[in-house]
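Paired with subunit B in one complex and with subunit C in the other, subunit A is shared by the two complexes that follow.
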Partner chain A sequence: MQNAKIHKNHFYVSAPLKNGIGRYVCQLQRVTLKFCKTRGDSKGIRDFIESYLVDYAKSNPGVVVYLKPRRHRPAMLTMEFLNGERHELSCCQFDGFTVGQFLNLYTKCSGRQESRLINVQYTNHPSIQGPWTPWTNRNPEMAVADLIHDKKWREMYNKAPSATEMVLEMFKQQQISNQIQIEEKQAE
Partner chain B sequence: MSAVKRVQQWASFARVWHLFDARWQNPFDSGVLIAKYLKGLYKPLYGAQSLCGDHVVVINCRHVALPGNEWRKRVYFHHATYPGSQTWTPAWEMHTRNPVMVMKKAVYTSMHGNLQRRHTMMRLHLFADEEIDPEIAPRISNVIKQIRPVPERLDLMPEEKVKSFPQIADLDKDYVIPELKEYPNWESKFRKMKKEGKKK
Partner chain C sequence: MNIVRNLSKKSSSCLDHLRGGQFVSLPSRFGIATTIRENSSNAAGPKLQVHEPVESKEKTALNETLRKINSKLAANAEGRLFAIIHVCGKQFRVTPEDLIAIEGHWAPDAGERIRLEKVLLLGSRDFTVVGKPLLPQELVSVEATVVEKSLSHTRIHFKKIPRGNYNRTHLHREPLTILRINYIKINEQLVSSKASE
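Let's look at the complex of A and B:
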């Protein structure tokens, strides 16, 4: 996909105009079935009209169904939505059942343009503890410290003691233990 | 966006200025670490298109430490497009001409031809020594910890520390403590020995 087109039509999961959260309004306004009475392409749509159309119209009273027989013209479905969008679908050589499937699909559509879904998840509370900032989990001493000149901030994390430091530490411990021994002797 | 959400956005995407001391550090390993901060990869809200990169100020680039014989062997190639204009500059020469270039190239190369690296490099600020630009210094609010430990040099240690260092071994009365001398260049000596060996 071209980079320029990625951001044009995109959406997060949402109900357009909060449809269905309170009351649900079917967004499909009218459906026009265009077909030819004799052409072979329109066989499927003719079968659909004979068998399923009346049931469909009864079960969806909000949708207005028009039939438009046109001589020697291909089979078409024209959907018009409440927001003014129009969608045309060619039904040439469709099965009657397939026509019904597509009609059911468009009955459940909103008139929103075909767009790219960015995320399947939606939440009104994206963060419980609060979104991350550069100051989350930051040592509060850093606010008062001289970060540029104080060398302790630059030192390697978990730096192992050098041989010099180890010897000095051992010397210190030796001095302390010697002192303790001297004090014990004095106590006696 | 409401005012509260706007402030939250500013806080979350605030650009941070990090400091990194390159003294005694391997520039190639440091380059990888610095690139991570330049791109903002350490942030939990990282996104490639989110413009969440940070600034990094690298100091002491002059005192960088290359591993092994890289100072002599590593070579920077440059071509000025006209025939015969190709040059191969060893690292030591590059360093003497511009002490910042070795570190800069290390960071640049760590991004392996990524098309965004020219833009990412714009947020990198390199200084040869401890002195930082007076406009940049007040912005620094974080320090990136070093990768290699910095050793203490004996000649730079305070005198009292050297003198008061405990005696580790019992020495003879006649034992003479040798003076600290500079060790001669063993490589040139080794080459001479090899040559003499071949002649024989």
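Let's look at the complex of A and C:
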């Protein structure tokens, strides 16, 4: 079994017809329950019809429910959605409770085919404050600042003496020591 | 190279409002300490006065920042807000009309409108309010609608013991909830009479 064989579809998080921006709209429109009155494996769906179906139809007034008794045919749930998709579920040998659970599940679905999520989030506004750069919230003078020679910036960002300054300092020290030596010689 | 170009563009066009941002602490009446960062403050670095004690300097900076934010809020000029919310063990950066998917079992039902209470950060174009770690509930409200409760794609759980003559393939689908963010609101003015004192 290969992943590629199973996951043909993949999708970004989406909701049909901008669902949820105003009110929530149930996407399931039509349910058809096909079953046999005699077959043993239709027992579960018959139980469901007997005990739960009226409650389901009452609590979901937006969903149309059809019953199709068919002699010696397997039990089947067919769901039709607002986006035009049609899902079929074989419910042979299901018990009544399981049929109800699947029906509840499909009532809350959007009708999208089984597909793999690419990302857990979708946005039309990927950035509000703009992309971050190293200069975000920095003083714009920094852009043209001469950090090495300008004394103002040197003091702020680079307190260690520069190489030039160190050489100058060394030269100054040398001058002083030379001067001292000369003075000592003259004194002798 | 791109960055350099970007920088030079910014420095020429936005010289006036791109200045050093401030971080100020707001341990005010909200109970939880909150940090407010203003992106376009006009306090350039070296101009701070030396004589004032640090605390009052921070306080004035805070008040100035809050005043600016409040004037934006009062004029409804804060623009599109975004928030970082914590849902079901994950953090999302959301803005109104976003969709987020939550994998795994989660109680809210389809069509329900819920308020996401764990808000870590709130931002707009010009300012950011950072919680430590959460923002107080009465300050920000983020509401969302549960748009869909379905199942993920079929996942394969394959077990095998090498040389053990044993392998099992299990298929499972996890519950998947899709949320639509309806709005993000700042509920009250940031500055109260207490905070501005």
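Heads up, the rule we're going with is that the second predicted complex is superposed on the first by the 112 of 188 C-alpha atoms of A that agree within 3 Å, B and C clash if a C-alpha of one lies under 4 Å from a C-alpha of the other, contacts with A are read in each partner's own complex, and residues count from 1 in each chain.
Criterion: a contact is a pair of C-beta atoms (placed from the backbone, for glycine too) under 8 Å apart; a residue touches a chain by one contact, two chains touch by 3 or more.
Bear in mind that the values here come from a model prediction, so they are computed numbers and not experimental data.
A.B. asks: Applying the document's definition of touch, where does A:139 land relative to subunit B and subunit C: first, second, both, or neither?
C.D. replies: After superposing on A, A:139 lies in contact with subunit C but is clear of subunit B.
A.B. asks: Of the partners subunit B and subunit C, which touch A:19 in the superposed model: first, second, both, neither?
C.D. replies: A:19 contacts subunit C only, not subunit B.
A.B. asks: Which partner does A:118 contact after superposing on A: first (subunit B), second (subunit C), both, neither?
C.D. replies: neither
A.B. asks: If we overlay the two complexes on their shared chain A, which of subunit B and subunit C does A:157 touch? Say first, second, both or neither.
C.D. replies: first
A.B. asks: Once the shared chain is lined up, is A:180 touching subunit B (first), subunit C (second), both, or neither of them?
C.D. replies: neither
A.B. asks: Identify the partner contact of A:171: answer first if only subunit B is touched, second if only subunit C is, both if each is, neither if none is.
C.D. replies: Touch partner of A:171: subunit B, not subunit C.
A.B. asks: Is A:128 touching the first partner subunit B, the second partner subunit C, both, or neither of them?
C.D. replies: second
A.B. asks: Going by the touch definition up top, name the partner, subunit B or subunit C, that contacts more of subunit A.
C.D. replies: C
A.B. asks: Contacts for A:147 in the overlay, against subunit B (first) and subunit C (second): which applies, first, second, both or neither?
C.D. replies: In the superposition, A:147 touches subunit B alone.
A.B. asks: So which positions on subunit A get touched by both subunit B and subunit C?
C.D. replies: Looking at subunit A, the two contact sets intersect at 133-135, 156.
A.B. asks: Using the touch definition up top, name the residues of subunit A that touch subunit C in the complex.
C.D. replies: Subunit A reaches subunit C through residues 1, 3, 6-7, 13-15, 19-21, 24, 26-27, 105, 107-110, 112, 114-117, 120-125, 128-129, 133-135, 137-141, 143-144, 152, 156.
A.B. asks: What does subunit A use to touch subunit B in their complex?
C.D. replies: Of all residues in subunit A, those touching subunit B are 131-135, 142, 147-148, 153-157, 159-160, 162, 164, 167-168, 171.
A.B. asks: Please output the residues of subunit C touching subunit A within their complex, sorted ascending.
C.D. replies: Touch residues, subunit C against subunit A: 3, 6-8, 10-11, 14-15, 18-21, 39, 44-46, 79-82, 90, 92-95, 97-103, 109-111, 123-125, 128, 145-154, 156, 169, 176, 178, 180, 182.
A.B. asks: Within the complex, which stretch of subunit B touches subunit A?
C.D. replies: 8, 11-12, 14, 16, 19, 21, 43-45, 132, 137, 140-143, 145-152, 165-166, 168
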